[in-house]
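Structure incoming, see below.
Letters A, B, C and D name the chains as they come in the text, with residue numbers starting at 1 for each one.
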Amino acid sequence: MPMKKFINRPENIVPELLEGFALSHPKQIRLTGSNLVARATPKAKGKVGVVTLGGSGHEPGLSGFVGEGMLDISVAGEIFAAPGAPRCLEAIRLADYGAGVLFIVLNHAGDVLSANITMEMAKREGLNVKMALTHEDIAGGSNPEDRRGLVGFLPVYKVAGAAAEQGGSLDTCLEIAERMGRNMRTLAVAVQTATHPSTGQPIFELGDDEMEIGMGQHGEAGTGRMKLKTADETAEIVLEMLLKDLEVKPGEELLVIVNGAGATTLMELFILFRRVHQILKAKGIKLVRSQVGEFITTQEQAGFQLMIARMDAELIRLWDAPSNAPYFVVR
Amino acid sequence: MKDGITRDDFARMIAGAAASIRAQHAMLSQLDCAAGDGDHGTTMLRAVERLEKSFAPGSPEDLKACLREAGWNVLGVDGGASSSLLGTFFSGMADAPACGASIGASDLAAIFEAGLAAMRKQTKAEPGDKTMMDALVPAIQALRAAADAGKSVIEALRDAAGAARAGAEATRNLTARYGRAKLLGEKTRGHQDPGATSMSLMFEGFCSGFEESKGESGNA
Amino acid sequence: MPMKKFINRPENIVPELLEGFALSHPKQIRLTGSNLVARATPKAKGKVGVVTLGGSGHEPGLSGFVGEGMLDISVAGEIFAAPGAPRCLEAIRLADYGAGVLFIVLNHAGDVLSANITMEMAKREGLNVKMALTHEDIAGGSNPEDRRGLVGFLPVYKVAGAAAEQGGSLDTCLEIAERMGRNMRTLAVAVQTATHPSTGQPIFELGDDEMEIGMGQHGEAGTGRMKLKTADETAEIVLEMLLKDLEVKPGEELLVIVNGAGATTLMELFILFRRVHQILKAKGIKLVRSQVGEFITTQEQAGFQLMIARMDAELIRLWDAPSNAPYFVVR
Amino acid sequence: MKDGITRDDFARMIAGAAASIRAQHAMLSQLDCAAGDGDHGTTMLRAVERLEKSFAPGSPEDLKACLREAGWNVLGVDGGASSSLLGTFFSGMADAPACGASIGASDLAAIFEAGLAAMRKQTKAEPGDKTMMDALVPAIQALRAAADAGKSVIEALRDAAGAARAGAEATRNLTARYGRAKLLGEKTRGHQDPGATSMSLMFEGFCSGFEESKGESGNA
């Protein structure tokens, strides 16, 4: 069966999608250098630049969050593959407005490798850059190194981006990013695989009546296969695991994100969120902010990521700060 | 010195590796479907293309400069873990002191060792972890042993290729501890690691490329 | 094969999704009366209210666009089914702040029936309400009555909503809505069916190598089946049909919307948009505004809608006006 | 008058229609899959449930009031085209002058005619357009003809049900010109219209409900 995707030649997917993205948001972003997604209007001198990297095929993530109040530059790799160090280095040079650069990296093998090589090169060049690694996927087990970075990138970009926009120093921005990172947890659920847009191959196999908890963004099979459950049951299982891992106590304030994997509808995400809201309320935990939508997708995979994060007053203030990123406008 | 290697011999070794990867890239992507994202063959294709370009007519005459260029270009493939590691490997080779105009088996081993040392700054994976290291490390060890035993370059390369193939094949029974496949843990058993497989293919290609370069038959 | 959707009991889908939606955007919207989606803070007295109706299962459409600067109330029906007149009437009563109500209706059999019955009841009650019908789907042929209302609801809500917010009279708001409506055209393409969330049945059948141009929102089979084409070819075919129907001339200014049907990725929408941009540029037509994303979906159907609209200075000004609707924030 | 209809008879007619729809709702949804969205059975289920509630113990004693309530409640089903039309049908019935306490066949025809007149303000569909009108219009015409011929209520209802069934069956060979199915045009041929089918089922139910109400056997 031919792949039912609107593409042209597979090897042109990434440049073409970036071109289309840039053309569709000319006021917010532009392509610069080696296809780097940058803010249309660079930040003022003396402010910290915020850069990220990651594979393509997860739209709107990650480049959808370039804009005032969030990222300065996103370095997009090939489909599901990290960009190499040369383009990352170029991005860091460009995003250095004199106050250094915060480099936000999601914990995935390829991204981290590339980021480490970049950091080494950047330091050799004398660039002032610090790296913040996100790793909030509790499916990875208890070792933080094994926890991947999932939709938690969103609050990290948001609060660190706001801190940078407001003139925070590189150390301040790093501290904010790390504080956000330490206080968040994500778990992913998949019910249906996607096809790899370059190869047309299904990414993983899942039985007709199965779902999997602990799914990765690229569909690498996770660990918890089980029979399909209702929305309420699924939300309960996932939320309980997250609350336990983050050791959330009654009275604490949470940000909740429900991220759709691609083919799962917003309708379903609302139904799941409703149950999350009910459970938190019953436990006396305060749901102070939330987002329900598609922030990082894996093609037409069906499933979702649930993220919770413990917030403090400063994180909330930064989360609420304005942004004109194409897929995260905050007034 | 008949057995020495020049920049041009190295270029033909690269060409041999490229031919070997090209012939098998679909299989490599297929292997990567089992516990990865199915792109390893595509990435390797792009990587060897860039390796070839870095040694193409018009590129520097100097092996060191070519290797440095090759490393940078492979790093720029945007292909995830394997291109970053392979790029680092070639960048690292350029730092080998032995990297002169005409080199022997021992110098070649030193060059590969320098590449490996650079990679080890980026990954803690060692043989047994079910990564490209399972092919690369024994291959370079075999190269060194052959050189120390006074074997010719082609003999040393053949030993290396044999060790790489054995290492790659042995990954089938291992559990992944690095890269994307790691999350799958025990489930990765039974599948040969794509990165190790491509390293083995590259060493096979190095041999055939070098043989062609020297006009030698298989039974040297 | 069981349906792979995160739902609970099929008959509870709509109330549960509305509950989740309202809980996820407490600052912008709330549920009121018989599950009507209303602005959290009602408009000031003396301004025109803007109300719409439509089936559920198309999230974020239509209720995602309730907010300051857009809709006052959205009346959501059952999955793919228009709400009945009683709830519409209730909404119109609630949205009457003293200057009358604009009732925006998408041309679909059930919606129009319900809207007409509502209008009759409203008039019997002496309510000051006017109806604007959207029908821009050129797949319906040359008779406007046969043209359905597709994603064109978005610019109509936006410009009419902005006019109302700025204090325009009911006649002004109606004129704006109708002017926007007259100047827009949409065509939909489908490559993969969705399952009906209540029944688990596929909505239509399409061959493995087929696509269909002229698809409806509910997946009622359209008219133009053909072999799958590349993104560029598909964009060309659809855009040419739209430009011809709207009789666009070089130098004119267009708004372009690319709307994903559900499973089609943003990646693909960008690739399609890129080609649209190229073609318009080559023809000397000005692409002055654009939106690429999911505004009205049909479950996990794959495909897209392409909409073009001829803009004038006033429509652009209203399009650019602020909005805090959950799925259409404009700063 | 043995042949007359009271509010309670009407309630039992409704109960009969509800039973008839309940037994066939899956088939109705299935029919709606061919050229619609597969929800017709579900909508009709909700509609007849509300009809029954409107005539349940505790509802007004007055037939007119019950019918008005029934219409409003069916309009509130949120089920798309068919519930709006069916709701309008019952609302319209309430406006019939004949809508008194005990009514004959002719009054019954007048009541249904008033319902049909109200529907015609909302839809231009007529028999031949492949909608519920293909069953409803001939059914009401048959009812009127039977009444005019002096037949009893049950005879008149049987004539109506027969006409409705024939009308519904004939939709199979028609092309849809209204509703969702319209866009499909010629492709709708070969499928019976779901709305017409449910109207036929409702008239069958009216008969059996009325028979039960009067304790009459099938061969009146």
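Miscellaneous remarks
What we mean here is this: a contact is a pair of C-beta atoms (placed from the backbone, for glycine too) under 8 Å apart; a residue touches a chain by one contact, two chains touch by 3 or more.
None of these values were measured; they are calculated from a predicted model.
The geometric centre of chain A is 28 Å away from that of chain C, both derived from CA atoms. Chain A and chain D have Cα centroids separated by 55 Å.
In terms of their C-alpha centroids, the spacing between chain A and chain B amounts to 33 Å. Annotation for chain B: no residues touch two or more other chains.
For chain C, no residue reaches two or more other chains under the stated contact definition. Under the stated contact rule, the graph of chain-to-chain touches is a line, running from one end chain to the other without closing. Contact between chains, using the touch rule, shows up for A-B, A-C, C-D.
Touching chain D in their complex are the following residues of chain C: 55, 77-87, 108-110, 113-114, 116-117, 120, 139-140, 146, 148, 196, 198-199, 201, 203, 216, 218-223. Interface residues of chain C facing chain A in the complex, by the touch rule stated above, are 1-2, 4-8, 13, 16-21, 23-24, 56-57, 59-60, 64, 191-192, 197, 208-209, 211, 228, 230-232, 234, 258, 262-274, 277, 290-294, 297, 299-300, 302, 304, 322, 324, 327, 329-331.
Here chain B touches chain A in the complex through residues 29, 33, 35-39, 42-43, 72, 74-81, 83-85, 87-88, 121-123, 178-185, 187, going by the rule given at the top.
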